[in-house]
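In what comes next, chain A is part of two complexes: it sits with chain B in the first one and with chain C in the second one.
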Partner chain A sequence: MAHKSSRFLNLHLCLFYIFLYVPILVLMVLSFNKAGLPTVWTGFSLEWYSKLWQSKEILSAARNTLVVAVSATVLATIVGTLLAVGVETRRQSSALDAVLFAPMIIPDIVLAIALLSFYSLLNFTLGLHSIILSHTVFNIAFVAAVVRTRMRNFDHSILEASADLGGSEVTTFFRVLLPAIAPGVIAGALLSFTLSIDEFIIAFFTAGPGSASTTLPMQIYAMIRFGVTPEINAMATIVMFVSFAIVIIAQRADKGAFTR
Partner chain B sequence: MSNGIELHNITKRYGSLTAVDDVSLSIKDNEFFALLGPSGCGKTTLLRSLAGFETPQEGRIIVGGVDVTHTKPSQRPLNLMFQSYALFPHMSVEKNIAYGLEMEKLPKAEIATRVGEVIDSARLGDFAKRKPDQLSGGQRQRVALARALVKRPRVLLLDEPLSALDKKLREDMQLELKRLQNEVGITFLMVTHDQEEALVMADRIAVLHDGKLAQVGTPMELYEHPKSRFVANFIGEMNFLSGTAAPNGVKIADGGLLRGTADTAGGSVIAVRPERISLQTTPPDNSQNALHGTVFDTAYHGSDLSVHLKTCGGRETVVARMQIGQIDPASIPKGTELYCVWSPDHTRILHA
Partner chain C sequence: MRNSVKTWVLIGPGLGWISLLLVIPCALIFVYAFFERGVYGGVDYIFTFENFQRAFHPLYMGIFLQSAKIAGLATLISILIAYPTAAAITQAPRQWQTVLLILVIMPFWSNYLIRTYAWIVMLNREGLINNGLAYLGVIDDPLPLLYNNFAVVTGLVYNYTPFVVLAIYSSLTRINPEIIEASYDLGGSGWTTFRRVTLPQTVSGAAAGGVFVFVLSIGNFITPDLLGGGRVQMVGNLIYDQFLSARDWPFGAALSLFLILVMMALLFTQAVLTNRAAGDRGAA
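Then we have the complex of A and B:
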């Protein structure tokens, strides 16, 4: 009986993975297709990857994306970590929790429109910096959430121990608290980086005019309007591998802390 | 410079709850002092106020002659050994111990020497490079102790220091801590809910009840001369017999007059320790207290035997504790009728 049901479950699992990954696999395979056809395999080639390197627009978009992702990650990690520490060491409040989690739940489109209206209300010039700011806003919530989980898993009396042994608050933060939650901070930063690198809606709404603030997802969107080319497949493959690698590193970082 | 502690009228409230209620205590130089009480009695709040993690609304705290009531925890001349040990998980044993000295900005060479000394005396030499999670419970406890003592505080505060250890190790550590306190010659202030631990280790004990000081004294004073029913009940085992107050004693219904010594006049409860009661088949002379009873249960503890008797027409239960050498458990089956006999000198008269 148990055997039968486990066989059924295995089948279910297989179908699930096929449904999820076959389209991605097809995309990856076609990115190495010699001819620019989406359906016929004509031979292996790295031509599309080399074309990516030659396209000024794509390279500039990639650079913009990295600038946005790195800056937003740095800002969100600092603010998000401090936020998590503050919330976890002060009195608990469920209302505050709800407000903190909101940016994770609010639909991106709503957040995008809200930020855009807010910027225009302030007469804020749009550009790369406004995307950075917008990404920082939603990344803070994710970083804070990851760091808070970490904060709950360590003995808070080590902070008092540090004070008892003569450590000031600043010393305690850098020498005791930060090392203790570092895996959470790293995981939060990596998560925020991956979210930022392929974020489209908010970037699209809060970007300035022209290609100076076009990010990679926006560039792909612009290109895709003329049909899916192997170039896009190649780019998507690269983006996917980068995100995948970062997620794995993030998981390693967070797990390491528990087993150490 | 003295290592004593003085607490003057300490009161700490959390909203409408008074955790510590007007407690004054004077702890002598180099004394091993225990704050004893059930959970929620305020002992931990008192300890945390001393360490500086809580600020009492009223009262003053004086350590070594200096008022530290409003001094930051990091500036107080005392160190706390946490119940959870609170070792820094990312630092080795060595680094954990050195941390407090680095905060004092001592020269590197001096830090190294002092850490080395403490590691040797705590027998942690083989583990100096290990992280806390690679140590056993007993070793972690020694690191926590070493980390506090390396600062050479005037007073060491210990929050339930032995509660995380298993029974055998706990008994060894009780004596070890006492020996250590003698050696370093500073004041130890321990918080515990374990009355046996307090009796074994402390020079003096303060019993706390609902935030108030119930009684302060040496272990023997508390055990032999408890001043209230709470203290008598909390420390050790005690038989209580209620009746009406009479001169030099208490009149018990169906049991006659039981005499005793009283610090509080007019008490109506007789208290006697199980080990002070002897059992005999014939009634004693008039100089002794006696109750006639029927054995209804016995409990074998290895070294001794608890005999439970119904007395006073079945209304009261008395427990007598006999050494195994003095009595053969087989000789007192259920239903045996015996006299419980004890001296008025070992009888306390307390208020209900």
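Then we have the complex of A and C:
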């Protein structure tokens, strides 16, 4: 009986992985399809990749996305790490926890319109900088969440030891605390980088008019609205490989936190 | 004194950032919801309840109900798919479980737009499913799989089931294996043991994961927009239209408030359920 049910479960698991990965694999395979057809295989070609490489709009969108993601990640990693350390070393406050949780759960469309309303009330000029400021909001929350998990698995008495040995607050922070939570900080930074690279709606609303600050997801969205093309498949394949690579690195960086 | 200065140096920048660019903008939306729409799209500062009355108009209530229906269906299907998946992973050899879990979450880290687009490729008239079925001789004409509720639910299930698998997996691994053994020793069959021992201890985990799917689905914009192809209206699209095409910000603000309220109620329920799950663990 138990044997039969576990066979059913394993079959279900296989089907689930097929459900998860077939759409992605189909996309990837079709990105190498010679003809621009959605399903019929007409031979191997790298044409669509070279088309991407020649498209000025796509290259500029990719550059914008990198600028946004790197800036928002650097800002969020510094601010978010300090925040996590501050929150974990003081007494618990559920009001503070709620404020830190809010950016992670608020529907992105609501945050997008709220930010657009706020910026236009202040007559704030929109552009890449407003996307960076907006992305940093939710990135701070995610970095803080990851670093806090790391902080909880670590022995706070080594901080006291450092103080007893005459280390100043600043020395203790950089020489003792930071090395101990570094894997969490790196994982948080990589998480924030992937979130920022993929984010569409908030960037769309806070980019301002014109195409100067179009990001890659905004470009992808415009292309999808236009129709199914092998070019999107090629771009999707590249974007997916980049994201997966980052996640694998993040997973390795924070391995300690998972196994402990 | 010194300690509180240190705390504020650490917490200040982050709390300030979130307050300035999340709390205040959301408060602004709250305020806008009570004002009139400006002639040229902006906001006229004349107090009114009209936006809320309009939100309760059958047309908009219909969209809310439609969103709730789609989100509810996606939640139910996610749980039904995720439960056996999580159970299968729990039964796998210990050293395999991490890899199996990573495989479950992996697609989640790729771009949401791309994952959604992948289903346009799968479901369109010449997509893998239609062409596959035609090849097998099951259908003569392509099935209308795309740009309807079915496509939207499929997209939501695809994107959010991994969350539910994680939630159920973590509640399954918390069950004390001795209790399961005890049930078998006392003559309980596999099914009885599942129904009377395993299931009650994982209901709160499954529900917590389900609330997550529901909350993310009901406020979704991209999935109904791309897979519904303009034929499936959900609250997210309605809010989007108020801000970009209809240029009625106060009404869009009122709709957003309504959405936030629904979500907060659900997340509160989830917090209660999670606390209860923690209680279960304490008892076991």
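In the analysis below, the second predicted complex is superposed on the first by the 255 of 260 C-alpha atoms of A that agree within 3 Å, B and C clash if a C-alpha of one lies under 4 Å from a C-alpha of the other, contacts with A are read in each partner's own complex, and residues count from 1 in each chain.
In the analysis below, a contact is a pair of C-beta atoms (placed from the backbone, for glycine too) under 8 Å apart; a residue touches a chain by one contact, two chains touch by 3 or more.
Everything numeric here is computed off the predicted structure, so don't read it as measured data.
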| item | value |
| --- | --- |
| Which superposed partner A:Gly80 touches (first chain B, second chain C, both, neither) | second |
| Partner with the higher number of touched chain A residues, chain C or chain B | C |
| First, second, both or neither for A:Pro179, with chain B first and chain C second | first |
| Contacts of A:Met240 with chain B and chain C, given as first, second, both or neither | second |
| First, second, both or neither for A:Leu111, with chain B first and chain C second | second |
| Which of chain B and chain C A:Ser157 touches, first, second, both or neither | first |
| Of chain C, residues touching chain A in the complex | 6-11, 13-15, 17-19, 21-26, 28-29, 32, 81, 84-85, 87-89, 91, 98, 100, 102-104, 106-107, 109-115, 117-122, 124, 126-128, 131, 158, 161-162, 189-190, 215-216, 219-222, 226, 236, 239-240, 243, 249, 252-253, 256, 259-260, 263, 267 |
| Chain B to chain A touching residues, read off their complex | 51-53, 72-75, 79-80, 82-84, 86-90, 99-100, 103-104, 131, 133, 147-148, 151 |
| List of chain A residues in touch with chain C within their complex | 1-2, 5-6, 8-10, 12-13, 16-17, 19-24, 26-27, 30, 37-39, 79-80, 82-83, 85-87, 89-90, 96, 99-100, 102-103, 105-111, 113-118, 121, 133-134, 136-137, 140-141, 144, 169, 194, 197-198, 200-201, 205, 217, 220-221, 224-225, 228, 232-233, 236, 239-240, 243-244, 246-247, 251, 258 |
| Touching residues (chain side chain A, partner chain B) in the complex | 154-155, 157-158, 160-168, 171, 175-176, 179-180, 260 |
